[in-house]
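Step one of this worksheet: look at the structure below.
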Amino acid sequence: MKDKYILLASCSDRVGITSLITELMAEYQSNILHLDHFTEYDNNEDSNGKLYLRFEFEKAPGLKEALSSALSDNQIEYSIFDGNEKTKIALFVSKEDHAFNEVLLRVQRGEFPAEIVCVVSNHTNNKHFADAFNIPFYHIPVNKDSKSAAESKMIEICKEHNVDLIVLAKYMQILSDDFVSHYPNQIINIHHSFLPSFIGANPYKQAWDRGVKIVGATGHYVTSDLDEGPIIDQDVTRINHRYNVKALRKKGRHVESRVLANAVELHVQHKVIVTEGNKTIVF
Amino acid sequence: MKDKYILLASCSDRVGITSLITELMAEYQSNILHLDHFTEYDNNEDSNGKLYLRFEFEKAPGLKEALSSALSDNQIEYSIFDGNEKTKIALFVSKEDHAFNEVLLRVQRGEFPAEIVCVVSNHTNNKHFADAFNIPFYHIPVNKDSKSAAESKMIEICKEHNVDLIVLAKYMQILSDDFVSHYPNQIINIHHSFLPSFIGANPYKQAWDRGVKIVGATGHYVTSDLDEGPIIDQDVTRINHRYNVKALRKKGRHVESRVLANAVELHVQHKVIVTEGNKTIVF
Amino acid sequence: MKDKYILLASCSDRVGITSLITELMAEYQSNILHLDHFTEYDNNEDSNGKLYLRFEFEKAPGLKEALSSALSDNQIEYSIFDGNEKTKIALFVSKEDHAFNEVLLRVQRGEFPAEIVCVVSNHTNNKHFADAFNIPFYHIPVNKDSKSAAESKMIEICKEHNVDLIVLAKYMQILSDDFVSHYPNQIINIHHSFLPSFIGANPYKQAWDRGVKIVGATGHYVTSDLDEGPIIDQDVTRINHRYNVKALRKKGRHVESRVLANAVELHVQHKVIVTEGNKTIVF
Amino acid sequence: MKDKYILLASCSDRVGITSLITELMAEYQSNILHLDHFTEYDNNEDSNGKLYLRFEFEKAPGLKEALSSALSDNQIEYSIFDGNEKTKIALFVSKEDHAFNEVLLRVQRGEFPAEIVCVVSNHTNNKHFADAFNIPFYHIPVNKDSKSAAESKMIEICKEHNVDLIVLAKYMQILSDDFVSHYPNQIINIHHSFLPSFIGANPYKQAWDRGVKIVGATGHYVTSDLDEGPIIDQDVTRINHRYNVKALRKKGRHVESRVLANAVELHVQHKVIVTEGNKTIVF
C-alpha cells in the first residue's frame, strides 16, 4: 500500500476547481491514485449547485500545506486525511451481540483502517468478546435518573481515548441531543428497518403486521432527529408469510450486521460526505 | 403438462384436515403433484389459528364433486380451479408503457396461463401495442365529472369480457370504492415505491429527498384504502447519490415492470391467498 | 416451540403415499405443523419418478413406531428426527477465521438447533475463540507424511464426541476418500467460488483474470470428487474493475461466511435431501 | 440536458495526465460535469500500469481540437463523443423475442441515446415488432451453405445504415471471425449463463444437471473466441429444485433481457473501455 493522502472537498460548482487541485498535485510530483467527482449537472431543479470531490494521492513533502492554502483561498471546504492513520472507534452495544461482533471481527481482521479503542455497554454480557482482544470495556448502566451522568461518563471515556467515531452496534439507549452535538456526523447507528419504513419501536412487528415481502436495515449518522439522520447504507432481505416476528428478527440480524459494518467501512475510508440536505454522497 | 386441478383451502387448524383431503384424492386415484401447507405453529402470539392449503392434483372423474362436498361438510373455505383454464385479464394503462408491455409480452409469450381479453386506457398512445396482438382497446377518458360514468362503462366492458382479473399497469386514476367492490382481491396494482415507504404522490421525489440508497416497487391487491391493500410481491434496486429524480423514475420503471408481472403470474397460478389480516400467503 | 418430530421421506411417486402418512398422524392425534412435497411432475424428460416429502408434526406416543413400520412396509426411505435434539457439529478450520466465527456465533446465539462439540484445526490462531465458549479445541497439524495419521486422529475425535456433522469452515486440507466415506452427506464445505465457475486453486485470481462482474461462494456436501459434491446453497456479490484479487478475497469472505452458515442451518433443520443425481432438494 | 462531450482516454499512468486535461478544459471555460479515474494502484502484481479516464464536460468552441492535439502529443489513446449524438444500433434476433423487445422498448422509450436503425433476423416472427415502430426489417435466412453470403449481406446492410453497434438479442447463429473483425468491440451478445459457467450448448440443461441454486446471464463483446469476449455486465436469479429445465429457461429469459439492455446502455453512454487483458472497465 502506497503512502497516501485522502482529500474530501466541496464548494459551489464552477470552472477550474479540479484543475486547480490536480495542477498542485502535478507540481509536487504526486500521482493521483483515485478521483471521484460529483455535481448534479443534468437537472437544474434537483441541483444544489455544489461540487463534491474525493482524491487519493501520493504523499509529497509540502503538498499538504500547499493544498490547504490553495483550497482555503478559493473558499473550498475540505479535509485531508493520512491514509496510514487508523480511525479510532468506540463501539457501543447493549445485549445483542451480532452487529457488535461483525464490526469487531472485521476490524480485528484488518479489513479496514480502524482500531476499536474501547467498548461501552449498559450490559456486561458482551464483555468477554472485548476481553478476548484486550479492548477496554466500560460497563455504564443507564436508567432514567442516571442518563445524564452516564452520558457525561461516556463522553469522558471517548475523549480520553481520542475517539474519532462512535458506532452504535445495537445500543438500545437513545442518546441526548447534547451527547450527539459532541460528535456531529461521527456517530453511526444501525436501525433495524428499511427507513423510512417502520420508524419507531419494534419495526419487525410493524413489518409483520403490514405483510411486507422484504425487510431491511439502515446505517445512518445520528442527529437530534431520531431515525432521520443521513443514510449511509441500506440493505434488504426477502421474506415470506412463513416468517413470524421472531424469525424476522433473526433474519434481520444478518442484514443489520452487514449494513452497519459496511457503513463503518465507508466512513473509515473517508468515502462519505454529508450534504446540507441531510443526505450523503457515498463515493 | 398433465390435466390437473388446483385447490386453495383454509380453515381453523386442527388434526385431520390434510388427511381428509389426501384420502379422497387417493380414493379417486388422483396423484398429488404439488402440496403447500401453512399454519403459524411455533408462535402462539402471532397465530390466527388457521390452516392454509394449496394442492395441485390430477383430474379424476367425480373427484371435484366429492371434494366440494367433503370440504363444505367440514367448514373449510375453498376454491377449485381447472389447470387448463386461462385467467381472463383486463389490462388498464395510462400513458407509461413499461409495466403494460411487460405483462402483455409475458402473457403473449405464454409464460403463464392467462389471456389479455381487453385493454382499457384513459389515453390512446398504447393502442398500437394492443392492436399488434388484436386485443380490443377501449379508450375511456376520465375527468372529475365523467369519472362515475367512465367507471360504469369500464365495469360493463369487464363484465362483457368475463374478466377474472383487472391489472392496473400504471393506470394513474384512482378507482372508486364502488368500482373496487365489484372485484374484491381481483384488482392488482403496481405502486412505485417500496411500501409502506413513500405512500402518496411522487414517491421517487420523496425517496430522493430522503436520500435512501435503495428504491423499490410493490404489487398489491387494490382495496378501498389507497396504498394499503394486501402486498403480493415487492422488489428493490440499489441507487446512489448520482440518481436524480428523473433517473430514479427510469430505474424504478424496470422494478415496477417485473414486480407487477410477477404478482400477476402468482395470482394467475392460484398461488395467493388473502388472509383476514390484510396480508397474503404466497405459496 | 412445540414438541415435534421431523420426517424426511422419499420413494417412487405413486398415488396414496401422502394419504398413508397423514392418516397415521391423524389417527394418533398428531397435528401437522409443516409439510413439503416434491415430485417432478410436469416434465417427464427431467423426472426421476420420485417423490420427496418432509413433515413437521406433533409428537404423540406410539406414532414414531407406527410410522416406521408403515414406511418400511411400503418401501419408503425415511429418517425421523426429534425436533428437540441438537445436531452435534465438529468445526474444522485452518487460519482464516471468518466462516468459522460466523457458524460459531450463530450456533452460540441459538439461531438453529446445533451444538459445536469440538473444533479441529491444523493451526492454533483460532483457539482463543473456541476457548471463549469452552469448546474443546484439537490442534492437528497436517503434512504429506502425517496426513493419514492425522485423519485417523480426527475420526477418533469425531467418534468420541458423537459428531453428526463436520463443517469445513475454510479448512484448507483436502480430506481423503477414506475420511469422507465415514461421513457420507455429513460433511459440509464452503467453496470460495460460484461453482462450477473457477474450480480448483485460487478462484479469486481466476475470477479477476476473467473479468467477471459478480463473484460467489458455494456450500456443498463433500464427496470424493473435489468441488463436485451436491450443492446446498450459493450466493453472490457484485464487483467491478476496481476490485483487485486482494479486494475480491476480502469481499468474497463475507459471502463465504453467510453461505456456509446458511447451508449448515438448512442441514441442521433437516431441510436437505440428497438425490441420486448428486443434487439436493432444499425444502 | 447540457451540450456536452464525453472523453474516454487511456495511457501509461504517470504524474500530470489529469492535470493536463483539466487545465485545458478550464482554459476553454468548459465545466467538468463528471469525471472517472482508474488506475490499479495498490497492488503492483495485478497492475498493468495504465490509467483510464472518462470525462463528461461542457462543449466550448475550439476545445475538442485543443484536446485532440494535446492528447496525441502525450501518447494518450482517446475517443471524444458528442453527447447529443445517438448510437446507431442494428438489432439481430432469431425466434425468441424477449431480449429483442427489452432493448427495442427501452430505446423507443428514450431511456438512452440510441436509435434502432435496422433489425436483422434469420426468422420472420419478430417482424411485426419492428414494423410497429417503422424500423426496417431484413429477413436473412442462414444455413451452412448460405452463411458466407448471408454475412456479406448483413455487413452491407450495416454499412448502409452507418451502424455503430450490433446487438445480438438472442441471435442464435455464430458469426464468423471475418464478420466479427469488421466490428471490433462493437458487437454485444447476451450469453444465457453466468460465464464462465456452462460454456457451450444448452446452459440451462447444464445448470439443471449440476443442481446450482442460482443461474445468470452475461452481456459481453463478441470476439473470435466464442463465449470468451470481454464481459460488460452480468446478473443472476435464485432458483431451486422445483425449476426444471423449461422453468429455468423461462426465468432465465428475464435475466437475459435486463442484462443485455444494461450492457447496451453502458456501451451507448460510452462508459465501457476494453483493456488489453480482454476485460472491461465499466465506469
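We just call them A, B, C and D in the order they show up, numbering each chain from 1.
Keep this in mind: a contact is a pair of C-beta atoms (placed from the backbone, for glycine too) under 8 Å apart; a residue touches a chain by one contact, two chains touch by 3 or more.
Source: prediction; values computed, not measured.
Minimum number of contact steps separating subunit A from subunit C: 1.
Among the remaining chains, D is positioned farthest from subunit C, on the basis of C-alpha centroids. Centroid to centroid, with C-alpha atoms defining each point, subunit B and subunit C lie 36 Å apart.
Chain centres here are Cα means. That of subunit A falls 40 Å from that of subunit B. The residues of subunit A that reach two or more other chains are 38, 42, listed in rising order.
Those residues of subunit C that touch subunit D in the shared complex are 38, 40, 42-43, 45-46, 194-198, 208-214, 216, 230-236, 240-242, 244-246, 277-282. Partner subunit D is touched in their complex by these residues of subunit A: 1-2, 13-16, 18-20, 22-23, 25-26, 29-39, 41-42, 56.
Residues 97-98, 101, 105, 109, 111, 128-129, 132, 250, 254, 258 of subunit B are the ones touching subunit D in the complex.
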